[in-house]
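Note that the chains take the letters A, B, C and D in the order they are written out, and that residue 1 is the start of every chain.
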Amino acid sequence: MVTERLSLAGDLLDKNTLGKVLDVLNAHGVKFQTRRFKVGEFSDKPTIVDLHLTAPDVETMRRALEASAVFGALYSLEEVTLVEADMDGVLPEGFHSTSNFTTHIHIKGQFVEVENLEMDCGIRVWDENGRYRATTCPMHRVRAGDRLVVGFDGVRISPAEEEQRDDAEFRFMSNEVSSERPKRRMIEHAARAIQKAKEEGKRVLFVGGPAIVHSGSAPFLARLIEKGWIDILFAGNALAAHDIEANMLGTSLGVDLRTGGSSAHGHTHHLRAINRVRRAGSIANAIEQGLISGGVMHACVKHGIPFVLAGSIRDDGPLPDVITDGIRAQDAMRAHISGVGVCLMVATTLHSVATGNILPASVKTYCVDSDADSVIKLTDRGTHQAIGLVTDCEFFLTALVAELAA
Amino acid sequence: MVTERLSLAGDLLDKNTLGKVLDVLNAHGVKFQTRRFKVGEFSDKPTIVDLHLTAPDVETMRRALEASAVFGALYSLEEVTLVEADMDGVLPEGFHSTSNFTTHIHIKGQFVEVENLEMDCGIRVWDENGRYRATTCPMHRVRAGDRLVVGFDGVRISPAEEEQRDDAEFRFMSNEVSSERPKRRMIEHAARAIQKAKEEGKRVLFVGGPAIVHSGSAPFLARLIEKGWIDILFAGNALAAHDIEANMLGTSLGVDLRTGGSSAHGHTHHLRAINRVRRAGSIANAIEQGLISGGVMHACVKHGIPFVLAGSIRDDGPLPDVITDGIRAQDAMRAHISGVGVCLMVATTLHSVATGNILPASVKTYCVDSDADSVIKLTDRGTHQAIGLVTDCEFFLTALVAELAA
Amino acid sequence: MVTERLSLAGDLLDKNTLGKVLDVLNAHGVKFQTRRFKVGEFSDKPTIVDLHLTAPDVETMRRALEASAVFGALYSLEEVTLVEADMDGVLPEGFHSTSNFTTHIHIKGQFVEVENLEMDCGIRVWDENGRYRATTCPMHRVRAGDRLVVGFDGVRISPAEEEQRDDAEFRFMSNEVSSERPKRRMIEHAARAIQKAKEEGKRVLFVGGPAIVHSGSAPFLARLIEKGWIDILFAGNALAAHDIEANMLGTSLGVDLRTGGSSAHGHTHHLRAINRVRRAGSIANAIEQGLISGGVMHACVKHGIPFVLAGSIRDDGPLPDVITDGIRAQDAMRAHISGVGVCLMVATTLHSVATGNILPASVKTYCVDSDADSVIKLTDRGTHQAIGLVTDCEFFLTALVAELAA
Amino acid sequence: MVTERLSLAGDLLDKNTLGKVLDVLNAHGVKFQTRRFKVGEFSDKPTIVDLHLTAPDVETMRRALEASAVFGALYSLEEVTLVEADMDGVLPEGFHSTSNFTTHIHIKGQFVEVENLEMDCGIRVWDENGRYRATTCPMHRVRAGDRLVVGFDGVRISPAEEEQRDDAEFRFMSNEVSSERPKRRMIEHAARAIQKAKEEGKRVLFVGGPAIVHSGSAPFLARLIEKGWIDILFAGNALAAHDIEANMLGTSLGVDLRTGGSSAHGHTHHLRAINRVRRAGSIANAIEQGLISGGVMHACVKHGIPFVLAGSIRDDGPLPDVITDGIRAQDAMRAHISGVGVCLMVATTLHSVATGNILPASVKTYCVDSDADSVIKLTDRGTHQAIGLVTDCEFFLTALVAELAA
């Protein structure tokens, strides 16, 4: 069983070149699968077809290919290049590095299956009584004088059947959601998307959780708001309450933000902050009265950035601005979606999923959480456009401020 | 701008039907993209082509489609069905449920874009001065008398550009690795794969970490070995040492396996167990001498199941059977890969990645870990065939024993 | 600098024995810290005092201790026991296993600090020109003839200063929240607590998230309700909606619960289920009308178990029974807290934290989640009594049903 | 049943004051538990005793306390302060905020248990037919005219029995390992520890995993080495191989570090890099030959920083400098431990646990990982001194460089 790739390009349909080539293949008993079929829409763009061929033996394949060639079919029957190892434990420069998919090499007219299939090895080839054999060879097992495959010519890799899609390719790091990718690049990406959205007159929606305050990152978010990078804020009672607690009392959920230590009776601080705002009647009133002098909510009020604080059953208080009814809160959020080009979701599963529910898929969405599960939950609930960054909100916000020179 | 889907089936290439339809479309100024192109390999299987058409207006589209129809092209220009809501807050039965992709409806010859795009809503339609308009309508906003779309006819959904692949479809729960899927189904799946492998004369490789012992699940693994379901065991010093500790002293890393509490001086237990086996010279000798009377390693030795204990830098002791050199251990593992049909990787990132490195992609591989990160790491390192189960090893092993009636 | 532990017991205060011993120590220049001070409340119970002594040298210590002894002070000045290794790489049976805390041994009147401090080693002792020296010795470095410490006598371990509390002890597996502990033991523990609560006439509160349905575990929860083990249910729209979806349509968030595969148009199923219940007016009505024939909500209604469905901003629909206002929902939950003895929180961070907020600390609380972060969040918000199980809800519920023979 | 706290200070033992007070309490039928007992070691430091008293009624308690007072016992019988709410939904400023522990208030000689125990509420008090009653009152339920407790006077909080230790205190954020704490503070803390260690002539050990390279953070680690902040490096084959891959080919595990995208045939890059170093014979030789011009390993070699590359079974190649035998690698690591004052463990569970195994508890140890599980594993294996930072290595290293002005 040998396989080959056959390419056709040109005006294949009008002159029915494709039909004729397929007839030739059928006649020779060579099976084919279409791997690519790109029809040329205009006369100056050719139709391109790639076929994956399977023949019972190399001779049949060769004859069928030669017969196809008269119609302009392009194929390769190149053979592998072998290089002798010059020292123990070292592969020749340019060595072919294996995948874990079934692999054949083409050598002297033979198609030889590589034995002991294993990724990240060289391919060692030897002649055994006139028949070629090939095996994977881990680097440390190379011996001087071994003959090893170099380059890609003459190597045929067959993905597992379930992997036989157009885009099947062996690679590492294919998971979108991983804590091991360079985050800085993705934050730059988000910054560019924000700049582009602003240039196009679109708005930027920020959805945030209280960890932004707990982690000491609220000043960075406030900066983004003050500098005009954020147009709407969606959050809950907790983000606003701890932001105000931090401004009034220097703590977040009782943790001193300067030292990271627990503050005496600190667990009552957010309640005291909420209580004072309730007395004032609203966050805006409390700012007016001088009770709040900085932070995220202060930045929103001072710069006229609208916010929706949606309530939940775990709220203390809550702050007077919180919409406690979930369905009314959804409607309040809906009223702000139109015109949004970029949405940043930071450190909140509840509000991110709720916002994802009402966002068109065309909105560039970045979901930042220290837990990969949050990102997975978001896309599992239909917000497939979300690009996940598994990282600290503290890192994200400081880097984003730097990128935007905010 | 209106879009339509056109399907062609039959002997499209030999008679060049396809070429002729494409000529018609070009002549009418209708653009097309190939969405599916399945060439019939044998005369009894038709070639199937699906085209995504884009026309400047509905009239052009209609004319082009009618001209194509003479060549056997199938198309639909069905219109939406509207049903009046009979009560507030309730959609009509059979309502069309929206996605977050750009959506048009076809009504009275008009293609109308749905406004306020949002997933999980109905589509409300109204006539505004002779022009139809349509908007998403959340369930709670329905009012009796509203006219809403029912079914799929006449609704056109356009995935975001980057999503335009053949398999693009709006859905939930698309992540393979998620802690929210029914695990029992996947464990049944693994059990069936093991049974099938055994029937086909293939072998089952088990790769395990010490959490199997810590969690009290070693008896289940021992059972699988005793009943013949496991043919090879790959593990490290820790699994074997704690398995022997549990058998000798009733604890695992000092935690009493009957009570879950800490045992006095329990942190020395594994060292005492290792020390005794070192004195005996090997695990087999220790079993011979009656020092070990049960557990996973005992099951291996008594049933002749080969094991490779690969060392690592965090090993205490180690046990005399441990291969301390990583490269020699790799080679020892390689010697057992041939003929393996199913590989179970349970609660060990190190050994799972190491085994994945030397497994062909054709081996059915199940990776079980309580942490999604481990599964992501495995597939990020090239073992794409791995099916991840984010769950407890304790749950997996008890359920697997039950499924295999072991 | 040598340290010793001194114990006193008896009627130490009335006769001022303690004062006299402390005078002796002061007179000899030996410093002391109180490690334990248990005053006998009644005449038949002695007062017990443990002191940690520090003297500049062993001779001073010896003299002070002997002078104290006349008042009944108990002390030990036992020396280490040494045993010769009889073979390479193996410690003597009963070997002293080191911690990573500063360690001295007492030998021939000398207090010798152990060099190369490292956990999980033996202690090798040798005489170097009349002075004893001691070093940690990893197992593999033991040579036949080496002299090694056996047992605990004469070994003094000094925890790091910040660790000097009464309960400081070297051990493994000290984290309460870990995925590596035997879960089955903890589930048995929960089952016993439930049985005890029921016997004492207390009530059992169950707080659950939709993953219970997604994972196929709803039948187990329904069983617990039917068998009378659950007295109140707190949940959100999602658990109820997917439970009803599963009963009506066989899917949960569109995933077929029998096969684990995606169902065509499955993402609309929960909306259809919610819509039908909205038409019926309530879950109870829908059951009455025969629309729902099983599952968790059916069990509640049929067995008169009260439930509070608290709304959130990510709700679709919602179901008519959902209390959409968060503060009203809190109040509805509060109305059910009195008399609760055990609370099970399964697979929901939002509802668990909200319930934890209103529970007295005396309620036995078990928090089950596949993500350790959820448990950490709960205790970080004041619900310190919560016992965390990092595991699947599917495993927890099946095992709990088995334990309760439900 | 009423409780009170009694404090004694002075020369309690010599004059047996303590014994006399205890006699008085016994005589009145008041039970006591010692909460604190701090013996004054020197004549100028008093002995301090805190007792927790329980009497059957307030009158008994009062008499016993007055009788004790003649010996200098200090006690308080202050009563609660009540303030009227001046508006609905707002507590009086300075309100007492509840915990979830059993609580009594002392008012007009009565000790009244607070009903409906719940954290984060006020305490509302009313007179019901001459008997006082008290209940928790959530903020939103306050009505103008309600009388609420202000401050701490007269409020008695009884922790749950199992919580009755000296340090029991109600608080939030008590978990050491949490992703919600301010990381920047902890990184500053680590920077100060490093500076202090260097000033004291101690050495800094860095233990790192390959995610440092994957995340694009290798330049920051290289900077720390070049600037003299790191004295020893422990790592595996992967960190070194990908560091060299990044330097030679611009990728890490095939991911382009500038763009974050996959590189064509990138999965072979690390093998090519390893192979070239194997040909050179060592990393130092490869640098000498100009094959490597920057990065972490280059910084080590150029600045004479020793490194131990410990092998594992998942290694490709490996690099010639890797010690493939785990036990030999442990010994090589041991040889560098002496004199280490600070250890940074970044993004590697395997090497962190292995290093933790051989570190004295006195070494300041910081463990940085994006996964809380890694930190939990480390402390569960005995390295209790480790301070965990659940964050990105990228964030940690950039912030550490900034803190150290490196």
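Operating definition for what follows: a residue touches a chain if its C-beta (ideal position, glycine included) is under 8 Å from a C-beta of that chain, and two chains touch if they have at least 3 such contacts.
By chain, with names taken from UniProt: A, B, C, D = ornithine cyclodeaminase.
If you're wondering where the values come from, they're calculated on a predicted model, not measured in any experiment.
A.B. asks: Just to be sure I understand the contacts, which chains border both subunit C and subunit A?
C.D. replies: Touching subunit A as well as subunit C, we find B, D.
A.B. asks: Taking mean CA positions as centres, which chain lies farthest from subunit A?
C.D. replies: With centres defined by C-alpha atoms, farthest from subunit A sits C.
A.B. asks: Give, as an integer number of Å, the spacing between the C-alpha centres of subunit D and subunit C.
C.D. replies: The mean C-alpha positions of subunit C and subunit D differ by 17 Å.
A.B. asks: Taking the mean of the C-alpha atoms as each chain's centre, how many Å separate subunit B from subunit D?
C.D. replies: Going by mean C-alpha positions, subunit B sits 37 Å from subunit D.
A.B. asks: Quick one: report the Å distance separating subunit B from subunit C, using the average Cα coordinate of each chain.
C.D. replies: It comes to 33 Å between the two C-alpha centres.
A.B. asks: Which residue numbers or ranges of subunit B touch two or more of the other chains?
C.D. replies: If we look for residues of subunit B contacting two or more partner chains, we find 99, 120, 140, 170-174, 179-180, 253, 267, 316, 318, 327, 330, 357, 371, 373, 380-382.
A.B. asks: Of all residues in subunit B, which touch subunit A in the complex?
C.D. replies: Subunit B reaches subunit A through residues 13-14, 16, 18-19, 22-23, 26, 31-32, 34, 37-39, 41-42, 99-102, 116-120, 138, 140-141, 159-160, 163, 170-175, 177-180, 327, 330-331, 334, 337-338, 357-362, 372-373, 376-377, 379-385.
A.B. asks: Could you list, by residue number, the parts of subunit D that touch subunit A in their complex?
C.D. replies: Per the touch definition, subunit D meets subunit A at residues 87, 89-91, 93, 95, 97, 99, 120, 139-140, 170-174, 179-186, 189, 211, 214-216, 253-255, 257-260, 262, 265-268, 271-272, 274-276, 278-279, 316-318, 370-371, 390-392, 394-395.
A.B. asks: Within the complex, which stretch of subunit B touches subunit D?
C.D. replies: Going by the criterion above, the answer is residues 253, 267, 310-316, 318, 324-330, 333, 349-351, 353-354, 357, 371, 373, 380-382.
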